[in-house]
Structure formats: structure tokens, C-alpha cells
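We call the chains A, B and C, going by the order they appear; numbering starts again at 1 in every chain.
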Amino acid sequence: MLSLRNVHAAYGSVLALRGISLEAPEGNIVSVLGANGAGKSSTLRAISGLLRPSQGTIEFEGKSINRTSPEKIVQMGISHVPEGRQIFTELTVMENLRLGAYTRRDGDAIKSDIDRVFSYFPVLGERAKQQAALLSGGEQQMLAIGRALMAKPRLLLLDEPSLGLAPMLVREIFGIIKTISEEQGLTILLVEQDASLALSIANHGYLLETGTVVLDDTAEQLRGNESVRRSYLGY
Amino acid sequence: MSVRALLQPRFLWLSLLGVVLIVFPYVHGWPLFDGSIRNLGFFTLEITEFRTFNATMFGVWLLVAMSMNLLTGTSGQISLGHAAVVLVGAYTTGILFDEFGVPLALAVILAGVFTGVVGGLVIGLPAARLSGPYLAIATFSLIITLPQILKLNGINSWTNGALGIGIRPVEPPNLVNDFLGAVTRDAVSLNERQWIYYVTIGTAVLMTVLLWNITRSRIGRAFVALRDSEIGAEQMGVNVPLYKALAFGISSFYAGIGGGLFFVVQTFVAPESLRFNDSILFLVAVVIGGLGTILGSVFGALFLAFQAEVISNLPDWIPGLNNVRDFERLSPVIYGSLLIATILTFPRGLAGIVQSLLSLRRGGGIGAMDLPALSAIRGTLRNLSASLPGNSDADDSGKKE
Amino acid sequence: MLAAPPWEDPDLFAQQIVSGIASGSLFAILALAIVMIYRSTDVLNFGQGEMALFAAFMSWTFLTRMDFWPAFFLAILVAAVMGAALERFVLRPVSEAPVLNSIVVTLGLFVVFNGLSLWIWGSQPKGYGPFSVFKGDATCVSDVCIGRLNIGILVVTLIIMVLLYLLFQHTRLGLALRATAQNRTASRLVGIPVGNMLSIGWGLAAAVGAVAGVMATQNLSLTTGTMFAVLLFAFAAAVLGGLDSPVGAVVGGLSIGVIKNLAGTYVPPEVGSVDLLVAFLVIVLVLMVRPTGLFGRRAVRRV
């Protein structure tokens, strides 16, 4: 469904990606692991069009999206839940969700999709009319995911959904992510610092170091891999 | 000073410049420049006596441009009210002379000090708390309002209201002409124009040297640090409010002296002598000249001294412009467009272009340049875009890995 | 001669309040345009007043071919297109550059539009005179009167505010505009064409400013110097209300109008004219005491 081949990208003169290649097959949860600065977020930014690759190809459902604008990419079916959530804090929860469906024109379906998001995250339904700034960190993360789902994506890019959240909340959110993936057949590319958590729900994993893929295997194999265990799983 | 130092190219160039500045008021009488060689294309070598006045105003504008450039180019503080500060300098000189009988030379110096203190304390200290757009509004409101303040009846006895203050042209002291007469056996004497030329140019040269030293001192480095990043400056131990006030203070001192000389040279000042448009013109001058360098200020002063004349002569030089009706009225459109074009395409201005060319010739390459202007642009870019509230925060945080 | 204090001549006082609200609503509209642009693009548009003036001159020219209202709407339409084009071609290239650069560019716009107006229409004051639709007797309640023009200004202001409110709060476009003003990265990620939104925002602000320009020059005269003072009052209004608050711009504008009129009436004439001084003092006072203004939220200090 998604494939990156030898993708390079830079911020000004600082090279962030030095030849990333990865695949995300339909219906899978693929996890991207690595330390800070390894290029995990940049990979997602390159896919969603925020960062333009200088070299290599990014294909989504067989079409190259290297030079496609972020707006078009959303329309094609890729939603990005960015690092730090980036919700619209001055708008209400409802307005955030409606913006998530900005590229869609099917009014009635949007309404029922909002209800579906509320069924995944009931607390958002309770706070629909509140300003998003008033939500807790976990609720903001739920809103960010909910907003991304509103675009009816076939591929969801999730950047560090666990960041700054209590472990219990993290487990709850990951449970919901897994459910959504299964129910809707959604493909998910998950960037996560917490490797054990990520590998617990992923089918496949990529390990990034300084902008390149250094290891690539099934989640199960990675969990058993000695060096992964020592460096990223911590036991 | 060793002989070797005297033979350095920089010293030779500066000496040559010195000689040119000294003989300039007499050049119009010399054979080569008296108009006998005309029409070298659009260029004539004729130098009229009026050029002495032009050159004198160049000295005044140099002080103003340096003042503006120190504040905006070197220290990164925006001021749209700079014409107001210059106007205060001019009025202070006028009032001290007219009302209190202070000798003119002393009045100019006192005006500089007064303007400097006022600029530092009354504008600088409060400004330390304000970010760019707010500072811009505050200084904008100052220049728009100042004429009305100057016309208030309460201070009419000092300012003469809308009529303004006038003086007679300053005559050279007898001492000077007696001395010159004795030395040259009466071959040389100074008239009013030549005398004020030497005074103004002398002051401008002195203050340029002073500014050169300031920008290379601890204070100058603190200003640059302030502009590049206030947080960075704070971490380096720079007292940010103090140095902001100091930047405004020194800049206002220069503007005050410039204003004082403006008054003396023009022999007149009124509430509308300098207006908002002039403030913008000062900004145009230092942006086109080059932000953050003394060379930029020199180019800026040349612009201020000659822009009106050049624009009014354009139709003679460029065929087709003759057919444009009221061409002179287009001058604000021209310099406004020039301003926008410079910022969009070459934010380092003329001085930046010259310095790039020089360093290329020396074989240093762009990367090897030690350019205040270059770091100016880089620095302001970094610092100011990071200081934008709201959107850019979100944008920036997204870029981090 | 000193004006009688309010308790001796309440009608005079009421009259000044009413006229103040009318002229204040002009400042409010222009301040609204400034605030709209500042919110959405972080640019402080010093050219706003002169762009408005240019639009007013255009409407005056259109009057030779058509009636007042068609000329009015045509001028606003042209202003909107110009505003959008300016954002796209002049402002966007400096959007990543320092604040100083964008301010310098808008100062360039100020000079260019003022110069163009002078070049095209000359320095002779123009009047709408016979074309104006705001003629007729003043409406009076006891001794407090309000002229047709002031009624017109109030009605137009009210209509603009209602339209803007509906646009921003109840349409998809308005929601996207608000989202873009807040967080551009997030807006891109939900599929909003951010560049178009910025252009639309500038176009919209230019249109609102144009209304202020046309109405202001109905009231004052139509010359190239007219908008300097109006811009100062609009800035005072925006600062008083908070640079990022549309509600603040309106409240600030009306307050500045009233304060200005009261000062004009009750400051003894021996002092001299003080209208600009009042705006200056308001700006300085607000920036010293409460730089975010009455309704503003964003941090003013550089961090």
C-alpha cells in the first residue's frame, strides 16, 4: 500500500533522511522505532508532504506522491497525527473534528463519522462543545487521532501517541488504535519511542538510526532480537 | 605608526577620501569640473557650487542613517519614528539657541545629549518590553503625533507653533578666516557654505569613527547578540533591557546631533519639516544601503542626499519616461517599490553586494566572508522568526525530530 | 471658550457620545481589517489605510459611470482582488523572514499606494458631493442629532460585523480561515489549502478596509492625506482592544471615537488641537499598562 525507496530529505542543509526504504502492507500496523533524531518524525513528514524528499520515491497505492501537496495527500487517503498533537486549541472539539473532514463533501456521512469517533472516545462526545485547550493531554491525543480519522484515511500516520501520557492512558489509547485498525481495515504507520509498547501491537517493525533503516523484521522477531532488546526494550 | 602601516591600501584609500572631502568645496572652480567637459552620455562632470550644500546635507544624512542603522540594522529594533527623534534634535537646538542664547555649537551637542537621554529613557526603556509589531505601532504614533505636540499652545513661546524656528546662516568665526588668511597669504577664505560644510563633514567623520569603535566594542557585540537572539544574549550575560535602552540612547544621540546640524544647515525647522514619509525614507535608505554596516549607512546617506534629484532626472536619462505625466510625483512609488524589491531579492542591500564582490576578488569565497551584514540577515532571520507568537511556534515545533 | 461640563449641558455630552460612536465605527472597521491580517498572517499591515484610500479613490472614479452602490461594491471587489494578489506575490515571499522584513514590506505598500493615489488623482481634494446617497436632514431626539451619513456609517458597520461573524462562525470557509490563523502545520495536515486561505484572508481584510476607506472619505474629504490620521486612530483602536481580537477592534474603535470627540469638546481650545495626541496617549498608556489590550491574548513580549 505504501512504499518508500531510498528517500532522502533535509531541513535546509541538515540531512534528516539518508535513504529510507520501507513498506506498509494493507491492513498492517507497521512500527518505526529509533532514538531521538533518528529520522522517525521526518519519515512521517515526508510521507504526508510536509517535508519534500530530495531524492528517492514515495508511492501510495501505486502512485508517486513525492511532489504532491499535503492537501492532496490527505484527499488520497493518508492522515497524519503529528508529534505534539497539533490540535486547534482555540477551537472546540467539534470544530476540530469537522476540520478533520475538511476534504470531504458528504455531509451526512460526516455526521455519522463524528458519532463513530465519539463511540471510540466517549469523553470527546461529552466535551464536544468545549475549547480544545481545556482538554487533558490524553484527551487531546484522542482528539488528534479522532480528527485524523475524520478524513476517512486508508493509511494513518501516528507520531508518538504515548508522549507525555500516563501509562494507563497509553495502554487505553493503544487498545483503541488496535481496535480501529481491525474494525476498519486501516493501515497504520506508528512512530514510537516506547519500543515494547509499539511492538506489542505491530505486525512489522523498522529500526532507524541517523536517517537510515538498520533493521527490518516482523514484530515478533524484533522482540527477540538481542541488540533491539538491549538498546530499545531495556531488558 | 610605522611606514609600513602608512602604505597599507586601506590607509591610502582613507587619505585619498580625506583629501577629496577637504578640497571638495573648491572643486567647482577647477578646469576639469567647471562644465567644460559635458555630456559623457548621461553623465556630466560639472560640479556647481550648489554641490557643497548637497555634500553638507550628505553629512547630516550620514549621521541620521548611522543612527537608524545602529538601531535597526545592528541591534534589531524597529523604529518608524526616527524622523521624530531627528526633529526633536533640531527643535532642541533651535530652542536652546533662540530662547536661551546658547551658542549654536554647544546647542547642537546639548541637543544630541538631550535627545540621547530622552531616546534611551523615554523610548528605549519602555520599548524593551515590546516586541516588533508593538514597537512599530508606538513609534509610528510618535511621528504622526509629534507635529501636533509641537503646535500645542502651551509651548508656543518655545516652538513658535506652526511657524517654526529660523536662524541666519552661520558665518565662519573671524579667528578661522584670520588664521587661513595668515597662512595662505589671503589666498583662501571660507564663506558661510564652506564653513558649515567643514563643520558638518568633520562632525560626521568623527562620529563615524566613534561608531566604528562602538560596534567593535563589548557594547557593539552585545547589540548584535541582542538582535540575533534575545534569549541567547541573556544567557551570555547581556542585560537585555539595559542594552536595548542603550541602543535607543546611542542611536538617539546620533539622531539628535544629526537633527541639530539639519537645523543649522537648513537654517529652519517647522513641525512638518520631517514627517512619517521621511521616517520611511530613512528606513528605505538603510535597507537599500545595507543593514548593520557603516558602509551601508554611507550608501544610505548618498541615497537620502540624491534620491530626489536622481528621480527628477530619470526622464532625461531614460527615454520614454518623458511621456509619463507628472513623473516626479511617482517618486514615492519608485522608492516604495525599490524598498520592497530590495527586501524580497537582496536583503543585505548595496553594502552586501559590494562586500560579496570584494571578497570574491580576494578569493575568499562567500563562505569565508566576515560580514556583519551577512550574519545580520542570518541572525535576524533566526531570531525574529522564532519570536513570532502563535503560528510559527507550532510550525517550528513540528520541524524538530 | 470652555465647553459647559456634562452636568450643565447633558445634550452636548450626549451629542458627542453619539457622534463619537459614528466616527469610532470607522476606526473600528479599519482596525478590524488590521486585526484580521495580524491574526491570520502575523503581519502588521501599515499599508491598510492607504489601500483603503486607493479603494475610495477608485469608487470615486467609478461614480462617473454608475450609481453610488454599484461603484461602492465594485471598488470593494477590486480591493479584495488586489489584497489577495498582494499576499500571494509580495507578502508570501517574506513570510518566513523576520518581522522586520514584513513590516518593511507593508511600509513599502503604504508609500506605493499613497504615491499612486497622488499620481493618478492629484492633490486636489475630491468630494462625493452630489453622488453621495447619505444626504438629507439629520434625525434628532430632543437636541441630540445624528446625520444621514453617520446613520449610514453605523448601519454599514453593523452589516459588516454581522457578515463577518456569520462567515467566521458558521461557514466551512470561516472555520478553515480560523484554523489557518491558529496553526498552519495542522491546517495543512487536515487538507486545508493554507496558501489560498492566506490570500483569501488578505482579500477579505482589504475589502473590509475598503469599506472603511469609502465611508471615511464620505465623512472627511478625499485627499491623499486623509487616511494618515484614520490609520493612527485605527491602530489605537486595535492596540486598545488587543491586536489579535476582532471584538477588541470594534470595542476599541468605538471607544477611541468617543474619547476623541470628548477630548475635542472638553479640552480647552487654548491648549490647541489634541485629537492625534489622544490616540498617541492611548497607545502609549495601553502598551505600558496592559500591552495585550482589553481582549487580546497573545504574549506581547518577545521570548
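Convention: a residue touches a chain if its C-beta (ideal position, glycine included) is under 8 Å from a C-beta of that chain, and two chains touch if they have at least 3 such contacts.
Because the structure is predicted, anything quoted here is derived from the model rather than measured.
Student: Among the chains, which has its CA centre at the largest distance from chain C's?
Tutor: So the chain farthest away from chain C turns out to be A.
Student: Between B-C and A-C, flag the pair that has more C-beta pairs in contact.
Tutor: B-C
Student: With centres defined as the mean C-alpha position, give me the chain A-chain B separation in Å.
Tutor: Result: the chain centres lie 54 Å from each other.
Student: What is the distance, in whole Å, between the centres of chain B and chain C, each centre taken as the mean of its C-alpha atoms?
Tutor: About 33 Å separates the centre of chain B from that of chain C.
Student: For chain A and chain C, what's the span in angstrom between their mean Cα positions?
Tutor: The separation of the two C-alpha centroids amounts to 44 Å.
Student: Enumerate the residues of chain C that touch no fewer than two other chains.
Tutor: 182-183, 185-186
Student: Counting only residues that touch at least two other chains, what does the list for chain A look like?
Tutor: 50, 82, 86
Student: So which bits of chain B are touching at least two other chains?
Tutor: In chain B, residues 394, 398 touch at least two other chains, as defined above.
Student: Spell out the residues on chain A that touch chain C in their complex, using ranges where they run on.
Tutor: Touch list, chain A to chain C: 48-50, 69-71, 74-75, 79-80, 82, 86-91, 95, 98-100, 102-103, 147-148, 151.
Student: Of all residues in chain B, which touch chain C in the complex?
Tutor: 72, 76, 78, 80, 126, 129-134, 136-138, 140-142, 144-145, 148-149, 151-154, 230-231, 276-277, 280, 283, 287, 326, 329-333, 335-337, 339-340, 343-344, 347, 380-381, 383-385, 387-392, 394-395, 398
Student: For the complex, which residues does chain C have touching chain A?
Tutor: Result: residues 172, 175-176, 178-179, 182-183, 185-193 of chain C touch chain A.
Student: Sort out for me which residues of chain C touch chain B in the complex.
Tutor: It is residues 38, 42, 44, 46, 90, 93-94, 96-101, 103-105, 107-112, 114-116, 118-119, 181-186, 228-229, 232, 235-236, 239, 243-244, 270-277, 279-280, 283-284, 287-288, 291, 298-303 of chain C that touch chain B.
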